[in-house]
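Common to both upcoming complexes is subunit A, partnered first by subunit B, then by subunit C.
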Partner chain A sequence: MRAFPVLTLLAAAMFAYAPIMIANAPFESTMGLVQKIFYFHVPSWFAMFTGAFICGYASAVHLFKGSRNADHYALAGAEIAVVFGLLGLITGPLWARKAWGVWWEWDVKLTLALIVWLTFLAYLLLRRFGGPGSEKLAAGLGLFGAANIPFVYYSVNWWRTIHPKTTVVPTLGPGMRGAFWFCVAAFLLLTGLIMAARIRLERQRARVDDLYLSLED
Partner chain B sequence: MSSNSRRRILILAMLLIALAVGPAVVSAQQQPPPKPAQDEFLPIDQLPPGETLPAARLLIAAYAVVWIGLAVYLWSIWQRLGRVEQEIADVTRRVQDAQAAERPRPAGGAGR
Partner chain C sequence: MTFLQTVWLVVKKDLLVEFRSREILYTTAFFAVSCVLVFSFGFVQDGRAIDGAAAGILWIAVAFAGTLALGRTFERERQNETLRALLMAPCDRPAIYVAKLAGVLLLLTAVEAILVPLIALLFGAPLLAEPLMLIALLLAGTMGFAAVGTVFAAMLVRARSRDVLLPILLYPITVPVIIAGVRGTAALLQAEPDVAAARAWLSLLVFFDVVFITLALWTFEPLMTE
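Here is the complex of A and B:
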């Protein structure tokens, strides 16, 4: 964990520099200024998807191999999915209010994103209030939530929707592309750091449980 | 139940279904076709006048939500880590005390 402070400083510097890059990026022709929400909105969802995939994969390992370490990864991933998903769900309507004239639309993409976010919220609630054995039930939920992520991402291409398509990102102009990928890198670096901190927290909690057990013995 | 009353119930059910589904079908036919999804972002050099102010509030709100949200979340992780490490220190001390109490006392030291 020697790299943790260095990477934390790097992430802080990237987040401090990101607004400058975003301010210098060109305006989009139809949406204008409000389109700049894109530079934090989409990376928030990328971070959410990362957390969700980690949760899904670790849940499968925990279910089939009974690994306690995988369970720590799954819980950390689910929390990241909920936090970054919430940021995406708040910034999206702020963008939509200006771009579409409505805060929310029961569009396939938006509805699926909300359902997946609720699935990971249910995972966390189950872990918090489910009692002994809830980690196995939650693992099934985590696996199901992660399996829905490709549907959220590709829904704009498969169904008729007002949300911009996935082709937007590969076709970004030079000024937009740099700022966007810089923000994605900053968000993913932060996701990695939060993941490391959360796994450490879960390991320490497991250690506390072990210590209480040894005290009872 | 007689066949007459059964037939009456069936007709009533069919009427209710027609009443429920009918307006939905008519309104679906009257709806304008949805706008096609945007498949690329085109950059421009200048913003149209009058466009900046209302959007600015939404933009600032979005960035504020992300910054404040992340700051609160990082602070909560920091707090939780601090609490659990404090708990580890406390329980470790209790385990060590319990082990020391269980250890048999040296025979020479007894009776003093």
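Here is the complex of A and C:
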């Protein structure tokens, strides 16, 4: 991808500027400084779900069309989901401890995020330890995992909820809104760049494998 | 060969093989009972079970025993290379899936028939207060668990580390089944059984079953072929 170096510089610049935007954003009324972790916490989850849905869709394409390229996207998507999910799972409890007094609560968003994260972690474990042919099996898991997301959401939602409602984002004050969407853009750009790099790596790896195989003939 | 004929033939074959030794049935049932006993030591204080333990223990025992049964069923197929033979047969692949699902479902319902009275006894839980609702919940939940489990167990037959990978893959996907099953059963176990809540959870389970069985029928063939 020719634009890769330029976009990487742009992402680096955005992340360098983000703390300035965050520091200038107004304090939230009840939580004060602690709330500012939200500017990285929520975009991490945006990135995780982006990765999860890309993995799910690419898994379906790989399973039904046999497209190897789709398999590369699925693997990259799953890795994104696990890495950014881990970021979210670390920043979340750090925030929760200060804001709610507990490290963890069995609330909708937390539980859903944990389950989805575990599903895609399982995807990576399957690809690593499943032996030959595990790409297809992992595609099956990716598809089932992505399809499962609404079910986990509704089942946990009926079970219990204390997390701030989704209506928080549209009701952000103007100072906060700017910083928030800037961070979302930075995270999504980073997601795209990491995915591009990862997919390129997988493609090269596949080419090397093909070359080895053709050499043996 | 119609779809149903294929299903019936494979189910008959599995039942025949199982009845000759009854190995999977006895070992799975005993495992489920041991699970319940272990949980008893975990959740009983001063001679009484803590509140809500019975519902959770029932479903956890079903989940653990189910995972074991799935692994054993397909291990048997793998050892005798019969799965490959089945896949080479000129019949609908989804029919093989449905037959395997039916076999696992029968096995698990047999185990549940032992578990429910045992848990009612050990935990003093009025599990038989609303028998029809409980049966419906157990059937829908077991169907959901078995539907996803059969696909995963079948596809893992050729994978390495298949024994430990099956629970790793299966449990996150079947979380909605466990939540709905436990909450639905717990609603029935209250002093005043909350049948409306149980019905709501049952509808979630049925919806899950429909979606995931459809998905399984759709993906079984691509997953099982090279």
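Methods note: the second predicted complex is superposed on the first by the 204 of 217 C-alpha atoms of A that agree within 3 Å, B and C clash if a C-alpha of one lies under 4 Å from a C-alpha of the other, contacts with A are read in each partner's own complex, and residues count from 1 in each chain.
The rule is simple: contacts are C-beta pairs under 8 Å (C-beta built on N, C-alpha and C of every residue); 3 or more make two chains touch, one makes a residue touch a chain.
Computed from a predicted structure; not experimentally measured.
Contacts of A:Leu63 after superposition on the shared chain: subunit C is touched, whereas subunit B is not.
Legend: residue contacts after superposition of the two complexes on their common chain; A:Ala146 is shown touching neither subunit B nor subunit C. Look at A:Glu28: by the touch rule set out above, it reaches subunit B but stays clear of subunit C. Of the two partner chains placed around the shared chain by superposition, neither subunit B nor subunit C is touched by A:Ala113.
In the overlay built on the shared chain, the residue A:Leu211 is in contact with subunit B alone; subunit C does not reach it. Shared-chain residue A:Ser134: touches subunit C; no touch with subunit B.
Applying the stated contact rule after C-alpha superposition, one finds that A:Val42 touches neither subunit B nor subunit C. Look at A:Arg97: by the touch rule set out above, it reaches subunit B but stays clear of subunit C. In the superposed model, B is the one of subunit B and subunit C that contacts more residues of subunit A. After overlaying the two complexes on the shared chain, residue contacts for A:Ala81 are found with neither subunit B nor subunit C. Once the two complexes are overlaid on chain A, the subunit A residues touched by subunit B in the first and by subunit C in the second are 156.
Partner subunit A is touched in their complex by these residues of subunit C: 148, 151-152, 155-156, 158-161, 165, 168-169, 171-173, 175-176, 179-180, 183, 200-201, 204, 207-208, 211-212, 215, 219, 222-223, 226.
Put simply, subunit A touches subunit C in their complex at residues 63-64, 115-116, 118-119, 122, 125-126, 129-131, 133-134, 136-137, 140-141, 143-145, 147-148, 151-152, 154-156, 158-159. If you check the complex, the residues on subunit B that touch subunit A are 34-48, 51-52, 54-56, 58-59, 61-63, 65-66, 69-70, 73-74, 77, 80-81, 84-85, 87-88, 91-92, 94-95, 98. Across the interface of their complex, subunit B is touched by residues 19, 26-30, 32-38, 40-41, 44, 83, 86-87, 90-91, 94-95, 97-98, 156, 160-165, 167-168, 171-173, 175-176, 190, 194, 197-198, 200-201, 204-205, 207-208, 211-212, 214-215 of subunit A.
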